[in-house]
Amino acid sequence: MDSFFADLPRHAEYVAAVYLMAVAVFGGLLTVALVVKKQRVKELAELEAAGIRRRSAKKQG
Amino acid sequence: MNWMTALFVREFKIAARVGGGALIGVLFFLAVVTVFPFGVGPDLKMLARIGAAVLWIGALLATLLGLDRLFQADREDGTLDLLLMSGRPPELIVLVKCAAHWAATGLPLVISAPVLALFVNLEPTAIGAVTLTLLVGTPALTLIGAVGAGVTVSLRRGGVLLSILVIPLAIPVLIFGVSAATAAVGGPTPFLTPLLYLCAISLFALVLGPVAAGAALRVASD
Amino acid sequence: MKLICDSLTCERGGRRVFENVTFQISSGEALIVRGPNGVGKSSLLRVIAGLVAVRSGKMALEGGIEDRTVPEHCHYFGHLDALKPSLTALENLSFWRSFYEPVELAGFSSDATLGASEALETLEIGHTAHLPAAFLSAGQRRRLSLARLLVVPRPIWIMDEPSSALDAASERTLLGLMASHINGGGIIIAATHLPLDLPNTKYLEFSRGDGRDDEGLAEDYDGFGDSGDFL
Amino acid sequence: MTLYDLANPTRFLSLVERIMPWLIGATVLALATGLYMAFFYAPEDYQQGVTVRIMFVHVPSAWLALLCYAMMAGSSIGTLVWKHPLADVSAKAAAPLGAAFTFLALFSGSIWAKPMWGTWWVWDARLTSFLVLFIMYLGIIALWRTMDDPIKAAKANAILTLVGVINLPIIKFSVDWWNTLHQPASVFRTDGPALHSSILVPLLVMAGAFTLFFIMMHLMFMRNEIYARRIRAMRMRAASAAQPHANVTAQIREV
């Protein structure tokens, strides 16, 4: 694996920059999606707990 | 007097009257054009080269300036509800309002263009070319801008967002307008080709603008 | 001529405003919409005027002009006066006179075919004809907006709190105009607390339901765009 | 699994939960093979040296940027014409993704041009068109965020997106025309189909990986948006009436 880095000729830093940016963009999207999901699931749970039943939930008893 | 002329006359009167906004467009156009030499420098040869672009960008910004009140004023005082409810096709209502807006703000820009062209040292043929391209191109700016105005009608400060939404759509008008104007003075390309593209875009906007803006107004009405 | 509304349901901004409102009203009748504030009276009027899309339910006009929608038979007199301050009273009124399409129907003889200046006279604001609307008082502006109903004959008047900002004298004039419209075979649908002494007046009472769950609309779509016509 | 099932938000969520693990697995696998092939399978280009590897990010992200806009246009038609309840959720979820891919295409494109032109930005026809597309994406996202009522925002955005998609070819044509007029700087001569298979295969694998990633993220963002809509509906229900679930109705009374 390390031989791969050794023989990277000129402009290697450009390629690295692009792939790093790609990882950053993909990673950023993924983390945003997961963080927001966790937040909203928690919020939904709180609202359900507070008894604000969504009209579709069947009436209990 | 049929309803369309009545609407046109009313819109034109409102725009032309003191609080209207017709003259403000021209003043803004003057301000934008005069600010360029302060940035670019007073070198007349340089100004002549970019003169057409300066006038076109000024006209684009001046048109966008007056557009966000195109529907918002009517929405706030309840007129838009009555216009939409009257049974008249919203597309035609938008078309007439755009015509009145162009007559009140677009046309003065075209008329003042030759005068402002002197500031950027354009020679007579170039002045004629720029004015002609503005005459043909500014309707497209108003019609495309009407789509932005329709989509942002229910927003409090929709004006800035309107410009962001409309400028990408107005880029072809700017490109063909400026290149037609510079081509008239002996650029690489013939004068007629970009001018005809510009006319095509204006005619296309004549259909797309009212249809899209009419749909947007219907959506925002409730 | 009869206006038939069948189980109208209205949602605005994802919030259920009212549901299953059913009523019928024929010419020569007035319908007074009553209920606590914020319960949806204005929304119902805007639904009839076609300004608000209805989530489900149907609205039909029997005896109207075939190829015209219900709103094209209506005048809408809402809270906002729809007046342009920089235009004079006469300009404002004559615009609406030439913009709105009059409706001629059998069984509906209306004296609302006045010229712009005559309408201003009947509402005692003739002297303001050449004044820009900005100079008018709230009551005068309200009467100028009311004049719009007199310059173009349309059978159905939809009025949302018509007596607001009107003094006692103008209220009497308003009542007189409404009465003559009804007697001429027109329909009035009004949300008002004004005691309207007209022969055949019906009342539509808005009330909060008993809280039972509504099985009608699929509940999974709560908070989503119109799902009705997709199912 | 008819389109009808996809229309019901609850069923859509359970569908997403079911296929998400598979989707994540497939995306990771595809990305891994794509990266491996990009670096070890594809030969270096004799002229550009190692920078040709940038193409394996630039071209797929450019394709995805356009695919996103096409998805948004389709969803807009779904919102306006078929009134599909999840169409606007899909359009709203695709917008940030489209902007991200367009940004990636712009970033990788300008870095690709750096060695040849020595500047960070070149007004090349393709790059400029993507810059305009980027501004359009940001405008759409801005419109989504400034309108509070999601249902009206959905229809306004649908109209804006459709007007945008109609204008895209005109913008592309005018930018190309403008480009040939001024200075024919062209960074990308690899548009031609005559790509050698050793370059083409990794490119297609990367494109497939990017598409899988797009589908995964799109479903995730849609899931979040459905949660947001439900939270908003419940909050409104709580605020709107004394009894949280009173429904208003009206009856005719003679008195």
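As written, the chain order gives the labels A, B, C and D, with residue 1 at the start of each chain.
By definition in this document, a contact is a pair of C-beta atoms (placed from the backbone, for glycine too) under 8 Å apart; a residue touches a chain by one contact, two chains touch by 3 or more.
No experiment lies behind these values; they were computed from the predicted model shown.
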item: Steps in the shortest chain-to-chain touch route ending at subunit B and beginning at subunit A; value: 2
item: Most distant chain from subunit A, judged by the mean position of its C-alpha atoms; value: C
item: Chain centre separation (subunit B, subunit D; CA means) in Å; value: 31
item: Chain centre separation (subunit B, subunit C; CA means) in Å; value: 37
item: Between subunit D and subunit C, distance of the C-alpha-averaged centres to the nearest whole Å; value: 45
item: For subunit A paired with subunit C, centre-to-centre distance based on mean C-alpha positions, whole Å; value: 51
item: Touching two or more other chains - residue numbers and ranges from subunit C; value: 213-214, 220, 222
item: Per-residue overlap in subunit D, given as positions that touch at least 2 other chains; value: 10, 152, 230, 233-234, 237, 245
item: Per-residue overlap in subunit A, given as positions that touch at least 2 other chains; value: 54-56
item: Interfacial residue positions of subunit B with respect to subunit C in the complex; value: 1-3, 6-7, 9-10, 13-14, 17-20, 77-79, 81-88, 221-222
item: Contact set on subunit D toward subunit A in their complex; value: 10, 35, 39-40, 44, 49-51, 53-54, 57-58, 61, 96-97, 100, 103-104, 107-108, 111-112, 114-115, 213, 217, 220-221, 223-224, 227-228, 230-231, 233-235, 237-238, 244-245
item: Residues of subunit D that touch subunit B when the two form their complex; value: 80, 132, 135-136, 138-139, 142-143, 146-147, 152, 155-157, 159-160, 162-164, 166-167, 170-171, 173-175, 177-178, 181
item: For the subunit D and subunit C complex, residues of the former touching the latter; value: 4, 7-11, 79, 82-89, 148-152, 154, 229-230, 232-234, 236-237, 240-243, 245-255
item: Complex contacts: residues of subunit A adjacent to subunit D; value: 4, 8-12, 14-15, 17-19, 21-22, 25-26, 28-30, 33-34, 36-37, 40-41, 43-44, 47, 50-56
